[in-house]
Amino acid sequence: MIIVMQRGASDAEIDAVVARIREHGLSEHVSKGSERTIIGAIGDERPLEPRHFEPLPGVERALHVVKPYRLVSRETQPEDTVVSIHGVRIGGPQLQVIAGPCSVETPEQMALSAAGVRAAGCRMMRGGAFKPRTSPYSFQGLGVEGLELLLAAARPAGLPVVTELMDVRMLDTFMEHDVDVIQIGARNMQNFDLLKEVGRINKPVVLKRGLANTVSEWLMAAEYIAAGGNHHIILCERGIRTFETAYRNTLDLTAVMVAKRESHLPVIVDPSHAGGKAWMVPQLARAAIAAGADGLLIEMHPSPCDAWCDADQALSPAELAELMDSLRLIAQAVGRTL
Amino acid sequence: MIIVMQRGASDAEIDAVVARIREHGLSEHVSKGSERTIIGAIGDERPLEPRHFEPLPGVERALHVVKPYRLVSRETQPEDTVVSIHGVRIGGPQLQVIAGPCSVETPEQMALSAAGVRAAGCRMMRGGAFKPRTSPYSFQGLGVEGLELLLAAARPAGLPVVTELMDVRMLDTFMEHDVDVIQIGARNMQNFDLLKEVGRINKPVVLKRGLANTVSEWLMAAEYIAAGGNHHIILCERGIRTFETAYRNTLDLTAVMVAKRESHLPVIVDPSHAGGKAWMVPQLARAAIAAGADGLLIEMHPSPCDAWCDADQALSPAELAELMDSLRLIAQAVGRTL
Amino acid sequence: MIIVMQRGASDAEIDAVVARIREHGLSEHVSKGSERTIIGAIGDERPLEPRHFEPLPGVERALHVVKPYRLVSRETQPEDTVVSIHGVRIGGPQLQVIAGPCSVETPEQMALSAAGVRAAGCRMMRGGAFKPRTSPYSFQGLGVEGLELLLAAARPAGLPVVTELMDVRMLDTFMEHDVDVIQIGARNMQNFDLLKEVGRINKPVVLKRGLANTVSEWLMAAEYIAAGGNHHIILCERGIRTFETAYRNTLDLTAVMVAKRESHLPVIVDPSHAGGKAWMVPQLARAAIAAGADGLLIEMHPSPCDAWCDADQALSPAELAELMDSLRLIAQAVGRTL
Amino acid sequence: MIIVMQRGASDAEIDAVVARIREHGLSEHVSKGSERTIIGAIGDERPLEPRHFEPLPGVERALHVVKPYRLVSRETQPEDTVVSIHGVRIGGPQLQVIAGPCSVETPEQMALSAAGVRAAGCRMMRGGAFKPRTSPYSFQGLGVEGLELLLAAARPAGLPVVTELMDVRMLDTFMEHDVDVIQIGARNMQNFDLLKEVGRINKPVVLKRGLANTVSEWLMAAEYIAAGGNHHIILCERGIRTFETAYRNTLDLTAVMVAKRESHLPVIVDPSHAGGKAWMVPQLARAAIAAGADGLLIEMHPSPCDAWCDADQALSPAELAELMDSLRLIAQAVGRTL
């Protein structure tokens, strides 16, 4: 950590900073510039925080020079992590497209969804049983029944499933039903107790980036899971909140590139929630793969206009199949397979 | 709800929209303009959502004309809600300043804090036992022990306490310890399962606005609590995330004014977390009261420089007392008392 | 325009709104719902603005139902506009990559730049003679001398040039030097007097999106140019300002898709300014083409480390050539040529 | 400036950074930490920019330790600047409220406006003759005629005027008419040629903060004016663009506090444009004064409902007079006079 002193800081003030650095078991390196004295803390600075120094008299600001994340950082593990779900590998040369409806509705809808996912050549399925909804008056998902409908449709089709866990008290149920991949939604990205719990299990986790969280906070949320012992983490970018109102969220592909550079974890993209409109999904999906994403999470519904939620962002089975064809060409262009 | 059809939408497309409106038990009102046909859905439109119409062919967009919140809306209850905590009333003519340390550390620190809060003339105390921290390596709070230290210091001083609940599984413990006011933090504003649980109890709740949540989403989060039967809700603005990096967050006082106009709930402000620097707290606190806030949530620490977290934003007991004096004048200027 | 009345608005208040609609030469359509009365203004609503109605008593809000832009809108012209610069066509099936240094420095640098641009297979060149710099103490560009160095290097290489016009008083100089394409920078996107002036000339204009401007404002800025009679407009997305600090700006490819859907104008992308780092440029460039952009504006410098500005975002001639190869594959994948 | 090297940077890479520091006439200070080597550049670092170092091999990042602004900085001039306009002093103990219509419309409207401004006890008047409008089809202001109407109304009332300059070519006209204070609007905050020109004159300038500009960029824009020799600068906060859509902009009072701490220039606030609704103006105005602003810029119109633009944000003369009364109490509370 570097501590920049105010112009004309006194020796006593400098000594107080040095003392605090030593308290934390680090050593200091004082450099007196023409305008400012700058003090470097030498050693593992991770336990230090700017707030430990900024209140001290004479301190202008304190800044980290090393990244706060450790286990998920590429400095710690240079080679890519590949998460394997019953043989479906995410993070390797082959891209994965996880498709399915926003929410689980009926056995028929799920059977048609599973058929559509397979027909399009996707190897994993998504579906929401527990839905985070802005309004208490909106459909909240079928809950455990929905979980069972999802599995009943996906298992015979040989499709591992991804579904969202919202409430830490439901984790045991997810484990009993042997859900293949647990999704932590954007709104829960900093629900630290939930992160700690999924850090204790041995199941792949899809961690969505929060709507207004930085890449650094996203990686720190992954660090919570990794620190618990669970290293099967898949990051998912799903758009951020900006001033723009012409579309639901702003898909941030730079974040995908930076997350992959800073971390060894696989990163997938959810173009359906980002744009919020079905017509945007194919172009955003192609852009995501071109930017280096390891896969996609896409909403598909057997009959979009009748969907119980997010109807306007779901592709039809035919549109999904068509998208997969165009994605193959992009995958080739960036040296990947689909 | 108003459905705007695309230019040149066909009669069949218009009929399909009308049919869907009727499916939801509402009636329609079709108005053919020179450029566009506009269809109004007449009746209680709350169950309707734009996504029910926007995927239909020929529809350009659909928009709500009434607000999505009901129980917390001023249309439903024109008079202000006043939340009373053992006689301390929030939302009435008297302002309340809730002060205390960011996190509970030691019995001594808490005893000095309680003394400082009382000496300054505040009638309620805050203190964190469970801390949401960006890093898993940062101090996470003392947990239940911290809760007990907080109560042990506040009870004899006659100060009701406000403390944060992060994990739904801890709610029983909070009830057993008879915590006076439960705080839902900014990161949990849309942790819907947590909102539902605090909606089932009969205790005041402070609901902080999320870092990137609109006033409408904030009121819908309050609606979750109210829909469960708990109407003792206090809203708290604590700054939003913007492009500015010169301070931690941007305090949004317009949101305080709009929330009070749209809703009957009391609204308080946390200037300490918003600015992130102790020097900013007094000015932001005065501005919040001038803007019409019903109270403040302020960090105070017996010796800020030694605080275990957020040291740089805590006031000393002397600074808190001084702030209270200046707030009295502002309160008078806006026709309130302190 | 739709005017939503407050609950319980009086007939007198409704009549006042109707009167104002008629004042503007439109007719009204009053629909009384169960909760609200909604009034539609029928006719060309473009001269109307919400602010004409929202101050009237009893009005809750007023909203446009048609888009404010006219000449640049796809409703007005369904087929794509193709801008031709000495035979180089932007907006057609062939993609264009405009490359060159951030700022013009020396004859040698420009000669090497022109050679690098041609060698990579690009057909147009960029270079800044007038530089918008945050600090008055930073290099402000070589001005007219820079303009001449740019043309002296590009003309013999047969490369039309794009360069930024900041000051309306320099327009004549740009015309005398017969600059091929005039760039309006992000900071000047709403410099309306400058837009009006370039609207009066008959030269292609690259209009960059402002750092915090919506797609609608961007198209309205283009409307200013078109309204003056100049229809040779090329839109350029260069990243927006968000809360993220890990990269300079957030490239917004959804905006490219929406601008192309809403308008018939060609849209290109500047990945160099968006990311701010050379390593990000190739991936962002590929993503932009995959998302449907009509071309790219890329910084290239014969020796990046010695560049006088934005050194860290410039590609070397070799990197540019390599990028062009990978872009060919992406272009094919989306049915375009390079 | 501090240059942080990548982990394992070679001595050759470190030497290259040192060489570049010396090239710029500074000396270096190399400190080898356990994880990173950090190099400090000693001397006046202002000419240096991170982009001079970040492209060099082995460099992780470079950061400034001193602020980029000089003339406008409080380090350069500790005491407050007070700008005097014909005896009306802005930046001293007395607050100034500058009121008037959004745009100049008719002689009658201006006469009534001037009377209303005086009657309320304000000492300066505002009015727009040149209007920056998002749409080319909206009223663009009366231009020079408007300027003359403004002066014709204000002069006899003894009110110095503030009016916006959009086009650098109009500066002479503003000087010939002896406009008392020239306003640079938010959209032109980084119109650097315009800033340079108003830097050459000897007239007070109100510099509005851009909708998405940081406090640092705002002060650098003021530095452009000061660097030209004009030190009569008044900063004006008018709200920033955020994700919130319930009001036009988000008034950022923290920026006012930080600008006054970092700079010696007076800072005023425009609550009318920030909120965009007349009902918000009084509360935001009181909050601004409580936060330490030196004055206000407020829209007032003799009959708001008939205003040609921004009708919904203008106060009536009676509302302005009422606001002034309440502001007196706030001014007292913060030790100022009105």
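Details
Which chain is which? They are A, B, C and D, in the order written, and residues in each are numbered from 1.
One rule holds for everything that comes next: contacts are C-beta pairs under 8 Å (C-beta built on N, C-alpha and C of every residue); 3 or more make two chains touch, one makes a residue touch a chain.
Chain identities (UniProt): A, B, C, D = 3-deoxy-7-phosphoheptulonate synthase.
What you see is a predicted model; the values in this text were computed from it and never measured.
Matching CA atoms, the turn from chain A to chain D amounts to 180°, rounded to the nearest 5. Ranked by how far their CA centres sit from the centre of chain A, the chains are topped by D. Two chain pairs, B-C and B-D, are compared here, and B-D has more C-beta pairs in contact (counted per touch definition above). Computed centre separation for the pair chain B/chain C is 39 angstrom, with centres defined by C-alpha atoms. Centroid to centroid, with C-alpha atoms defining each point, chain B and chain D lie 31 Å apart. For chain C, the set of residues that touch two or more other chains comprises 212, 241-243, 245. On the side of chain D, the complex with chain B involves touching residues 212, 214-216, 240, 242-247, 250-255, 257-258, 261, 274-275, 279-280, 283-284, 286-292, 326, 329-330, 332-334. Those residues of chain C that touch chain B in the shared complex are 2, 4, 7, 29, 31, 33-36, 38, 40, 42-45, 63, 65-66, 75, 212, 241-243, 245.
Interface residues of chain B facing chain A in the complex, by the touch rule stated above, are 46-47, 49-52, 54-56, 68, 70, 132-138, 140, 166-169, 187-188, 190-193, 196, 211-212, 217, 220, 223-224, 227, 241, 277-278, 304-305, 307, 309-314.
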